[in-house]
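Take this structure first; my questions come after.
Chains here go by letter, A, B and C, matching the order in which they are written, and residues are numbered from 1 within each.
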Amino acid sequence: MRDESPSSNVTHLTSAERIENLRILEAVLFAATRPMQTKELQTYINVDEDVGRYLKELEGIYASRGINLVRIADKWVFRTAEDLSGLLQRQAAAATKLSQAALETLVIIAYHQPATRSEIEEIRGVATSKGTLDVLMEVEWVRMRGRRKVPGRPITYGTTEQFLSHFSLENLSDLPGMEEFKEAGLLEGTIAASFSMPKPSPSGEFADDEEPL
Amino acid sequence: MRDESPSSNVTHLTSAERIENLRILEAVLFAATRPMQTKELQTYINVDEDVGRYLKELEGIYASRGINLVRIADKWVFRTAEDLSGLLQRQAAAATKLSQAALETLVIIAYHQPATRSEIEEIRGVATSKGTLDVLMEVEWVRMRGRRKVPGRPITYGTTEQFLSHFSLENLSDLPGMEEFKEAGLLEGTIAASFSMPKPSPSGEFADDEEPL
Amino acid sequence: MSQPPTYSEQDSPPFEEDDREVLGLVIDIEGFEGPLDLLLTLARKQKLDLTQIEILPLVEQYLAFIHQAKSLKLDVAADYLVMAAWLAYLKSRLLLPPDPDDGEEELSGDELAALLAHRLKRLEAMRKASKMLLEQPQLGIDVFGRGLPEGLEIVACEGSPDYDTTLYQMLKAYAGLRQIQAVKVVTVKKRKVWSLKDARKKLEKMLQMNFEWTTIDSYLVAYLADPEERRTALAASFGASLEMVREGHAEIRQDGSYTPLYLRAVTPEKSLNRKGDA
């Protein structure tokens, strides 16, 4: 019965094996309790097969559906479609209520990372009150990344994968307005033309003037 | 591209509204934290529409896929296709959380090393079960460093290279110090003048009052 | 330009999305996230397009705002005053012709103004980014993951489990343990403090009818034995004595620096004469 039902997205695959691979990946992604790395997913299918191509195909199959396959920091996960948001909204699903100060601090870290506390303060023009960074680290949106290679070796902060995941961002360059701000020179420092703040660097790597904690 | 791909199960629906209903039900069933009753599902779509027919249709669409929509006592739920369950099993190291006791013991050893068991207990205020240190030594984050030169020659514990690399630390001296604890909001309130945080002694050398095992 | 800008609710352009009351009767420094935020709000009021901000009028507005806050006897936090001082300096740099003797390192008024404008634009950009970020579909609010994931069946293999502990969790645990030792509740012992009023009352009593020059110390001899009280007694009495001299009830004399202070009461006639002289 299962094989009779026509499912055009799959039927254009010629071999039964290919269909099987898609089914397996679909099942794994559905059953997983967290986003899955491409290389983890590879272990579920034949080594010779390119898991990336299958994932792209699944992504296409689900693109128009009520659930989509999305990619976050090179990890794959099924999510409900964004346009259904209004219909699915649960009774105020306890959106982590951040204070204005915490939200701004989060945003500055996201766009300027790696950022030290004094850089955050320079941009906001006020001292960071106690608990602000703590709250952001507690919800696991911000982490200590490393240290800046300057006197005093201040700790640098950056965002986490959970941050990307929460805001449905594939990677940091997807941050809204990123390009626009960069072009306007608004992600640079003000001290002098020669002094420029580091460009946001992917949270996995270290910037030139940054080193591990 | 998305619209071109023929999806026969959906395309025989003439109106966009019908496709939308399928998408909504798909998303609701996916996000639901428990199996959903037919009448509950009805509330997500127009009252005039027969939710049962849509559910039957979704059941058909998913019948051949890696995940199936199944009905159990008039409740609907997505399940991994039964024939795949064997394929989803993986041999992997289970990712778990360290117990609070192990976490505390670990960090005390990190900061106070070389630390003896009684020193750890003094800071934690409770006796350390043997299992706790065993867990930490099993993951190779903690090792026996030497012995303290005091009566009874208690064993001193310290952290390992693996510990540093897991937490992306280059050196023990990179562990945040007291000022940085305050900066990150981890220590709050008026800090007593007598309070100090130790400088961990590098794991390669012996402390003055320490000798080889 | 010399006319400080006046504000009323009628002529204020509508805020883009900021409903904080800037001026008018409500002056609420608390509502601002620091002086830069206040400047930004003022700049927005001036022009929605921040690329066109005119710094000088903005400086005037900020200074007027702080001045108004002070005249209403509101406590203005120090950092707002520091900013006011800096803006006053900027204003002078903008208005005065550049000093040719200025070192090359010194930034010109225009350069300083450009830097300030840049900082405001940058803060504005981050504000905008905050809003845009919140408009992103959020997990658990707009989009959902699988509600009932079955989980991948893991057959634990030999070897140690994989702990996903983070540095933060570890530091948090440590802070939790040591917080108890770190934080002390400090109770400050209440110090004996003489108010001016107290001092004056005591001084008046002792000074009564004493028309001979006498050192202040000897008036206060009963109080100076206690080292804790000595300082406050001397300071407050000195203040009070000056007040009494000013009002014409007493006279004070010192023969040279660091020599004893002498005090005596003014006789009623003398006091009258003095008033007549004046």
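Here, contacts are C-beta pairs under 8 Å (C-beta built on N, C-alpha and C of every residue); 3 or more make two chains touch, one makes a residue touch a chain.
Quick caveat, the model's predicted, so the values are computed rather than measured.
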Worksheet item: Hey, which chain is the most central one here, using CA centres?
Response: A
Fill in: Per Cα centroids, the chain farthest from chain B
C
Worksheet item: Per the centroid of Cα atoms for each chain, what is the distance between chain A and chain C, given in Å?
Response: 40
Worksheet entry | Whole-Å gap separating chain B and chain C, where each centre is the average of the chain's CA atoms | 44
Worksheet item: With chain centres defined as C-alpha means, what is the inter-centre distance between chain A and chain B in Å?
Response: 17
Worksheet item: Which chain C residues touch at least two other chains?
Response: 144-146, 150, 152, 166-167, 172
Worksheet item: Got the chain A residues that touch at least 2 other chains?
Response: 28, 30-31, 78, 80-81, 88, 137, 144, 213
Discussion item. For the complex, give me every residue of chain C touching chain A.
Written reply: 33-37, 79, 115, 118-119, 121-123, 125-130, 132-146, 149-152, 166-168, 172
Discussion item. Could you list, by residue number, the parts of chain B that touch chain C in their complex?
Written reply: 27, 30-35, 77-80, 85, 88-98, 100, 103-104, 106-108, 110-111, 123-124, 138-140, 166-169, 176, 181, 184, 186-192, 195, 197
Response to the item:
Seen from chain A, its contact residues with chain B in the complex are 1-3, 5-10, 22-28, 30-31, 43-44, 60-61, 63-67, 78, 80-81, 84, 87-88, 117, 130-135, 137, 144, 146-147, 155, 211-213
Item to complete: In the complex, go through chain C and note every residue touching chain B.
Response: 144-148, 150, 152-157, 159-167, 169-179, 181-186
